[in-house]
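For reference, the structure discussed in these notes is given below.
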Amino acid sequence: MSERKTALVLSAHAADFVWRCGGAIALHAEMGYDVTIACMSFGERGESARLWKEGKTLDEVKAIRRGEAEAAAEALGAARLECFDLGDYPLELTRDDKSRLVDLIRQVQPSFMLSHSKYDPYNTDHMYMTQVALECRMIAQAWGHNPGEKVLGAPQLYLFEPHQTEQMGWKPDTFLDITPVWDKKRAAMECMNGQVHLWDYYTRVAQQRANHFKRNSGGMSGGRDCKFAEGFESVFPRTVDSL
Amino acid sequence: MSERKTALVLSAHAADFVWRCGGAIALHAEMGYDVTIACMSFGERGESARLWKEGKTLDEVKAIRRGEAEAAAEALGAARLECFDLGDYPLELTRDDKSRLVDLIRQVQPSFMLSHSKYDPYNTDHMYMTQVALECRMIAQAWGHNPGEKVLGAPQLYLFEPHQTEQMGWKPDTFLDITPVWDKKRAAMECMNGQVHLWDYYTRVAQQRANHFKRNSGGMSGGRDCKFAEGFESVFPRTVDSL
Amino acid sequence: MSERKTALVLSAHAADFVWRCGGAIALHAEMGYDVTIACMSFGERGESARLWKEGKTLDEVKAIRRGEAEAAAEALGAARLECFDLGDYPLELTRDDKSRLVDLIRQVQPSFMLSHSKYDPYNTDHMYMTQVALECRMIAQAWGHNPGEKVLGAPQLYLFEPHQTEQMGWKPDTFLDITPVWDKKRAAMECMNGQVHLWDYYTRVAQQRANHFKRNSGGMSGGRDCKFAEGFESVFPRTVDSL
Amino acid sequence: MSERKTALVLSAHAADFVWRCGGAIALHAEMGYDVTIACMSFGERGESARLWKEGKTLDEVKAIRRGEAEAAAEALGAARLECFDLGDYPLELTRDDKSRLVDLIRQVQPSFMLSHSKYDPYNTDHMYMTQVALECRMIAQAWGHNPGEKVLGAPQLYLFEPHQTEQMGWKPDTFLDITPVWDKKRAAMECMNGQVHLWDYYTRVAQQRANHFKRNSGGMSGGRDCKFAEGFESVFPRTVDSL
Amino acid sequence: MSERKTALVLSAHAADFVWRCGGAIALHAEMGYDVTIACMSFGERGESARLWKEGKTLDEVKAIRRGEAEAAAEALGAARLECFDLGDYPLELTRDDKSRLVDLIRQVQPSFMLSHSKYDPYNTDHMYMTQVALECRMIAQAWGHNPGEKVLGAPQLYLFEPHQTEQMGWKPDTFLDITPVWDKKRAAMECMNGQVHLWDYYTRVAQQRANHFKRNSGGMSGGRDCKFAEGFESVFPRTVDSL
Amino acid sequence: MSERKTALVLSAHAADFVWRCGGAIALHAEMGYDVTIACMSFGERGESARLWKEGKTLDEVKAIRRGEAEAAAEALGAARLECFDLGDYPLELTRDDKSRLVDLIRQVQPSFMLSHSKYDPYNTDHMYMTQVALECRMIAQAWGHNPGEKVLGAPQLYLFEPHQTEQMGWKPDTFLDITPVWDKKRAAMECMNGQVHLWDYYTRVAQQRANHFKRNSGGMSGGRDCKFAEGFESVFPRTVDSL
């Protein structure tokens, strides 16, 4: 087992991890974390409109999306990209699929996990993913599930930023400065050729979150400089030795 | 101005700071913080039933409560106890009272602040205190309020634990291990002779929160040991360099 | 001091107590309660459109509304109607006004209290009344407020039905069968000559709540019969000896 | 069919009914209720860490947990313990399992039901159980489900106390005095040998809830004495003849 | 494909569309919309108590309910009634059933959709229907679902009025004047012979909502006249060219 | 009295109306509305950091901010800018100040009003402004307030976009396309010389909201083009003749 710190990203579709937490991945990779990205699907049906308009087949779409996801994961410095290839729109996990995910969680033994917002009326795959994340986190903690394996501790589950945050009831409680790795996140975004319109959109998101970072680090008197940031909502309380 | 780190507690009544964040005060004092406690009132009318039953006068009640608060603050190692003596049930701050509080906030320049829950149908003084805390924090940040003074940055405002948490809509997101200073908190509680029934009550609160600390630090697989803890709800997001 | 059970209604405007809890008043009066109704204002400015259209003066409007309120209170069998005459739109209580209300609460020593919903964007007097109710309830409980007087216990505060319930975030948890006293409530409503359009409106409210009463007493299999009911939201938990 | 009053507890895992509503069971049993406890699983995988650490097999764990649950049910004076043995972590009910539960509900015809909180990010079995409770309650009310059987009325569904209440959004609206049966609850808890660390934890919960009982029965002026209590959240409104 | 505007109603049980949005259906039909009503079930088990009491068989109940639904749909001027006949109490859709619903959504290409409230502890079929509506709306938007078909745009999903609105957390943001088509809605309601007690109930609902319509169109100064109205909650934001 | 349609903006500080609803002002002005902007203060103390750092006096700061606000209002084509000059940090309105605001509301007789979010822990002036807006809207509707004047109807109150939307619990339900007047909004923003860092920030806000506009007008299949938009939350329900 690795001595290195680890983190685990659960992404419903192949590109979610890029837009929503690419900075966190790159930053922790630079800090020496082994970051594992688990994509449940390639977003082949629901998030590949351009490829379908070009007349690609399902297999072609999946292959292209897989390639983009691999390139993005590499650009971010992720240790591992695990494609579950379960289909999307809708995403559905059987009990076996969930067991496979539990196995992965136990293998990784993440210090923290990342997934989608709790609610998303536009995209039910997203909220389903989070529900599965909670269920599989619980199973991975059970001493009686595959007895003898190392059980999971109690890693934080951070919910990364959804599209149209206010409609999802998503409220960030943590802003992460990703300025040092911004180039990597932008490079990873540029791997996603089917969603070019989102490159600038999520660049602006990072700029706005940097403003919020500064507001909360120093207020109107001027906080620490920050050019790009990402926001996260924590599911569980933190345990600390000082405030 | 002190080079030491600082914190500021805003307490509606003289004893609130003891039950609700005595551990945080003692712990940060041990870590070298100058902790200032501002009590808006002595809780003389509303939280001194035993003294009134004994036939004490208002001045006597206030003097006794002041003495207890001073003893408790000393037991906790607080740097300063500031009694505003504004009366309670109801607590009301005039614009001048608020200016005095703003002056104190600017003097202290706290790294973080502590106050009551946002809502409390049993005790409207508590929620009023938090409303005032937000207002005065804002004024202290204004460059045009007493121009030339050092303005406040953007310190976190932690909301400490109210009585009957669920009725107040208070949700802790931070558990602080206060085991190393438990004896000081217990000693401070024992300074409050008019509320003996709360000594054991808040000892049990600290034990339950220690259980929650362990659950969230390590889950069912067994977290780090912790015998006493306090819980806090953050008003503002955190800004971090790693998750 | 009376040996009889007591209840206290806090009504922002003269007619609120009729529409919103007239049934509860009449029912408990029949059960032997002394019910005191405290009207902060006559609703003279904001809820007397017809009288103003007729060209009445302020004094005339107030006199007419007072007369209607007295007639309604009598029709309901209330023990006492206390008109504070503080003005409306907006309603504002000075510290002295609040002290007067605290005095009344202590005199009455109510088994339960009734007031408005917590939120009302259409009518800020209503939500202000509830805020004052909580504040004065707290003061009435304080041993140090007018020491020597009998302090208040911990009566439930029921929030009666506002207009457009969903906009107020009001959720009833208690349905009271007022069928036995319906005639009295209707008679009281018919005392309010300036708001004739509300007679049928609140008759329908009572019929709908009776349907809800039946749904929750017996479900689709058919609950106990009920023709008229009122709904209430409780602010505080109940303490019971059986579920 | 029994002439006695009845109640039904729906417990995801074998021990939940002990910690969370053991007092309610014992109290109503003493009052002459036939209380039926339905355990969906033994909590064999997720809540038996000690037994797994001792190297027990699945069958052994289940047998031991069953034995403990039976002993606890007997200590509480429950009329019946029904073990569905459906597995845990995750708990899943097929349509047949749900039909079996509906049959039980109809057999019991409970005056009230008890189950878990609506939300629980730590333990998805718990919130799943409540979702199933609502679904099966609805089916049991349907005249067209197994026509000819006696349909269910509209029993209250009380949600018992989860671990870390604030994280679950659980808000108690009812406190039940369990002082008269405290010895039975403690005895039942002591049947659960695998979770010794919870005996004192839930003893303290009962003491804290007793404090809340007193606060709400009599306020700061001193309510009725109560040494141990349990809290519950009601899903449905109550129907009453007096407030 | 039709050049006419279209709307789509998703109704868990055969009668829901009548009580909850019969006015909207009739009004838009008169305006030239082709309104399609999709009933997932006939409400045969759970909402046909009278027929079961009369000793009807399942097939008879379904046939009668189908007949009533067809008559009601005709009375309202709906273009099409699609009965999925999937059973109720509980309603469950397989992946194939959902595909069928997606096909229908794509065929209709609705300008707006109508379905149940998000939450309903009394009737889990209702909230399940809304969850399915969101899922199928998402699938219908996916370019990779049955490539070549016309994908769905972004129609509003309006949630129609549930029974006991406050218990469902349903908050109407849109009131529709249905006065011009009231006779049609009443006629449609009178097609539902098994639920006669609801005819007057939902007539009163329409009258109360008319009062709310007036309050919000003109306030206390007297809004536009309206005798019958329906209320709706929007899931998605509106896009407008003026406020 | 004007025959033209009217709108009224209530802005706590001089610049709020520019960032938060400048597009709505310019757009409706172009459509022929007389838009009145009421600024309660110049934001002289709290939102003019640069000027204070330059050593300006209070009078100078106010004069400069007034000039900027006037220039911005003109750039937007507003019919009138009313500066109440009440001070900021904190903003407080006396009863006379509120009467003045009520007078203005009645003069304008707005078709709709615009103000701040309901909650803002960073800036209590903002939420206070909205509370006052609701109170004064209510008073303006009262027939008995300055009898003889034309009373207010029931205009919508739109809440414009705050900074850090998720922290304020602000959820937009209406997106307004401001592309046609974007140049005017940008020009108005560039009048605010003390807050240059916000020019690009709010340009990006408008671009992100345009993306949301498209998502909700046409979804992933591509909505109507829109380059700049503003978002609003409605306080009151709409009354409509079609969905």
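Going by the order they are written in, the chains are A, B, C, D, E and F; count residues from 1 in each one.
One rule holds for everything that comes next: a contact is a pair of C-beta atoms (placed from the backbone, for glycine too) under 8 Å apart; a residue touches a chain by one contact, two chains touch by 3 or more.
Just so it is clear, the model here is predicted, and its values are computed rather than measured.
K.L.:
Scan C-F, A-D or C-D for the interface that duplicates A-B, counting it as a duplicate when over half of the contact pairs agree by residue number.
P.N.:
Of the listed options, the interface copy of A-B is C-D.
K.L.:
Just curious, how far off is subunit C from subunit A if you go by their C-alpha centres, in Å?
P.N.:
Each chain's C-alpha centroid was found; their separation is 52 Å.
K.L.:
Averaging only over C-alpha atoms, locate the centres of subunit A and subunit F and give their separation in whole Å.
P.N.:
37
K.L.:
Which residue numbers or ranges of subunit D touch two or more of the other chains?
P.N.:
Within subunit D, the residues that touch at least two other chains are 46, 49, 122, 141-143, 167, 172, 212, 215, 220-221, 236-237.
K.L.:
For this entry, which pairs of chains touch?
P.N.:
A-B, A-D, A-E, A-F, B-C, B-D, B-F, C-D, C-E, C-F, D-E, E-F
K.L.:
Where on subunit E does subunit A make contact in their complex?
P.N.:
Within the complex, subunit E contacts subunit A at residues 95, 98, 131, 134-135, 138-139, 141-145, 147, 157, 235-237.
K.L.:
How about subunit F: which of its residues touch subunit A in the complex?
P.N.:
Per the touch definition, subunit F meets subunit A at residues 46, 49, 122, 163-167, 170-172, 201, 204-205, 207-208, 211-212, 215, 220-221.
K.L.:
Can you tell me which positions in subunit F touch subunit E when the two form their complex?
P.N.:
Answer in residue numbers: 7, 24, 27-28, 31, 112, 141-143, 151-154, 156, 158, 172-177, 212-213, 215-221, 223-224, 226, 231-232, 234, 236-243.
K.L.:
Residues of subunit D touching subunit A in their complex?
P.N.:
Within the complex, subunit D touches subunit A at residues 44-46, 48-49, 52-53, 58, 61, 88-90, 92, 121-125, 167.
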